[in-house]
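Which chain is which? They are A, B and C, in the order written, and residues in each are numbered from 1.
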């Protein structure tokens, strides 16, 4: 039952991080969104067996974490939390990939390579998404989406859902505590009870929605959602975005670690 | 446009399920008055507020604000004159930052962003939470939320302020702050509350509701010091007028 | 059931995003046409509710196991299919952004898998049929169960297809299906039970809510046809565009292998063309290899892989050392960059302080 509190904590943490101030935080949210999307596409477009070429893309994550002064451990924890799902599917690859390769005397299924590749890609993509939110926040993302002409209805939904998750989690949390105090031996909620338990919260939610709607109407709401002006895109933002995209392109087109290694070891032996 | 008044004439309202919530209410509130509306739970306080704001429309009778009768067509005008602060501030703070919540009303008026900023800052300063402008609502304490909810209404510059249980769930200091702020407002104030001591402090006039009707309407000092009247309506004397629980001299209890 | 970015290819992600965006745009149009502004805060709060409810552990009678709520069916029954879909989309977006529950590129897939089938197929075609003549606990129960199970089976099957078309895993089609469908049968049953229980309660307490949602603008079968057509068009378009894009950039490994094996010019060796052919096959929507039984598959894949990396044996001897050196340096460089920036910042702060 403490899932509710952990998820609440997570939301708060990312919200807090998003309100810090740093050069990265000050970059225009649309640029950050686009850079993240391009990053994701680039990472995901690497072939099945490519691991080496992926590594330079680590720079993106490291630089942002450092410049934005984000704490490392919570982010790593998030990655570790999500990896099991990716590992779960990827771990079967070594079994199913029939080809093998030798490295230093060991004969391994190529599936290990794809597995490792998937894990790396998983780590990179998950971190990139977290960094986006940690440096932009829900408001920034919403503003970026509006600039991309995403319909107001949907953006308003994102904001409202985000806003009320805290309140609803609180209500659900209290209901669960009340239940567990009177059914201490139950692991989860028993089926006969859960209809009315969840149903009550649901109906209260309906009533709350009614009141929120009234509050909105009393302040002039008529179906339209008006945002304030957002600071425009500066040259600096474009330079930031352009620079990263260039780097991604280079990392994708050329296997940078191999190049460096070749250059250092004098042509590969 | 100097005499802002609120006038109810033989107001009646029945809910769809048959419950007669308001059974013939009439009153007249004048410019600068502050009125407390008190009564036991179920007496019709919240319903009356809803009728005044046009959230509910009366089954018969009417409400006039200024020269304008409250009908479906006149709602936008009415809502520009009257601002309502809800009992549960969470229902009223539905944006992701305090600033956006307070700016919601002015933005709906299609005001210039610079004017919106002016109003928001003024409203936040009035309630003393300018430093919280970029906070998300879930990070606010009960008192701060209450203040933010009030600010979100003030930024629309209404003439009349309606408040439903403004001191509910507030700790003593937050409560004192709310009382002080409300004392400083020039608007017509209509306040429903169970906090009779606050009503005594804030409102010169009190209306007592019972069973959807007005049981008494007069100066707060008179009504709130009348134990028989109050007990007949399911209430008690304000705590400040009761006997001291520590030294127990005289008093109205039993 | 949330798909991660690491498991899909840009093509699949793009196609599913197009599909989801299409359905979403259509839904938003319907919601706006409804002129019911009350829906807007309702959708938001219901979204928050389902979000919170997903954290609850429901124990299944008789089995001792537990499950969680997905919410698609519940939302569709409470809000109608269009609002339900948009609400699901909002929930999944927040989960992807804040919890990394499903990647951002895969978000299109996830919204489609978890939202489309439940709101636009399971709800109208199954649940509504059951409760068409009027609600009763039995009708709600069987309607929910069937709708939830079917909806989730379709969603799970979609996951299989999307993963397969992305070509990131070696799992043969048959095995994957055998893995996914039974698991999601169990999840579907849980979803059905929970939805049934809640909907029965709501029907008893406030039947007008369910009726209101059901009476909303009816879904014409034409709409689904549009979606499927749109999907196919998007797939063909994205597949060809991405193939073109892929042809502009040679495989990095190929290029460096060419360099190290002594060729001066950036000649396009036969290997690259084969790689591109592989690539195009993967990005095309209907590659045949995905559907062949496991045995033939591995043989085919072996052949394909041999084509793909013609010089693989050469790499392991010649360039593996260089590769390791390069990799090590990249990693050290990254760590160094991070620490260096941190140190610089602290110095700056120290100077300013």
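A few notes on this one:
Following the convention adopted for this analysis, a contact is a pair of C-beta atoms (placed from the backbone, for glycine too) under 8 Å apart; a residue touches a chain by one contact, two chains touch by 3 or more.
Note that the coordinates shown come from a computational prediction; the quantities given were computed from them, not determined experimentally.
Contact with subunit A and subunit B alike is made by no chain in this entry.
Chain-level centrality, scored on Cα centres against the all-protein Cα centre, points to A. Centroid distances built from C-alpha atoms place C farthest away from subunit B. Between subunit A and subunit B the centroid-to-centroid distance comes to 43 Å (mean Cα coordinates, whole Å). As a whole-number value, the distance joining the C-alpha centres of subunit B and subunit C reads 49 Å. In whole angstrom, the spacing between the mean C-alpha positions of subunit A and subunit C is 14.
Among the residues of subunit A, those in touch with two or more other chains are 138, 159-160, 162-164, 167, 208, 212, 216, 221-222.
Residue positions 94 of subunit B are each in touch with at least two other chains.
Within subunit C, the positions touching two or more other chains are listed as 41, 44. Subunit A contributes residues 12, 15, 19, 138-139, 142, 159-160, 162-164, 166-167, 208, 211-212, 214-222, 224, 226-229 to its touches with subunit B in the complex. Of all residues in subunit B, only 53, 55, 75-76, 79-80, 83-84, 86, 88, 90-92, 94-97, 100, 103-105, 107-110, 113, 116, 134, 136-139, 152-153, 156 touch subunit A in the complex they form. For subunit A in complex with subunit C, the residues that touch the partner chain are 1, 3-4, 7, 10-11, 14, 36-37, 40-41, 43-45, 47-50, 52-53, 55-56, 58-59, 62-63, 65-67, 69, 78-79, 81-82, 85-86, 89-90, 92-93, 96-99, 101-103, 110-111, 114, 118-119, 121-122, 125-126, 129-130, 132-133, 138, 141, 151, 153-154, 156-165, 167-169, 171-173, 176, 186-191, 194-196, 198-203, 205-206, 208-210, 212-213, 216, 221-223, 252-262, 264-265, 267-269. Within the complex formed with subunit A, the subunit C residues making contact are 2, 4-10, 13, 24-25, 28, 31-32, 35, 37-38, 40-49, 51-53, 55-61, 66, 78, 86-87, 89-91, 93-94, 96-101, 103-105, 163, 167-172, 175, 193-194, 196-198, 200-202, 205-206, 209, 246, 249-253, 255-256, 259-260, 279, 298, 301-302, 305-306, 309, 312, 316, 318-327, 329-331, 333-335, 337-342, 345.
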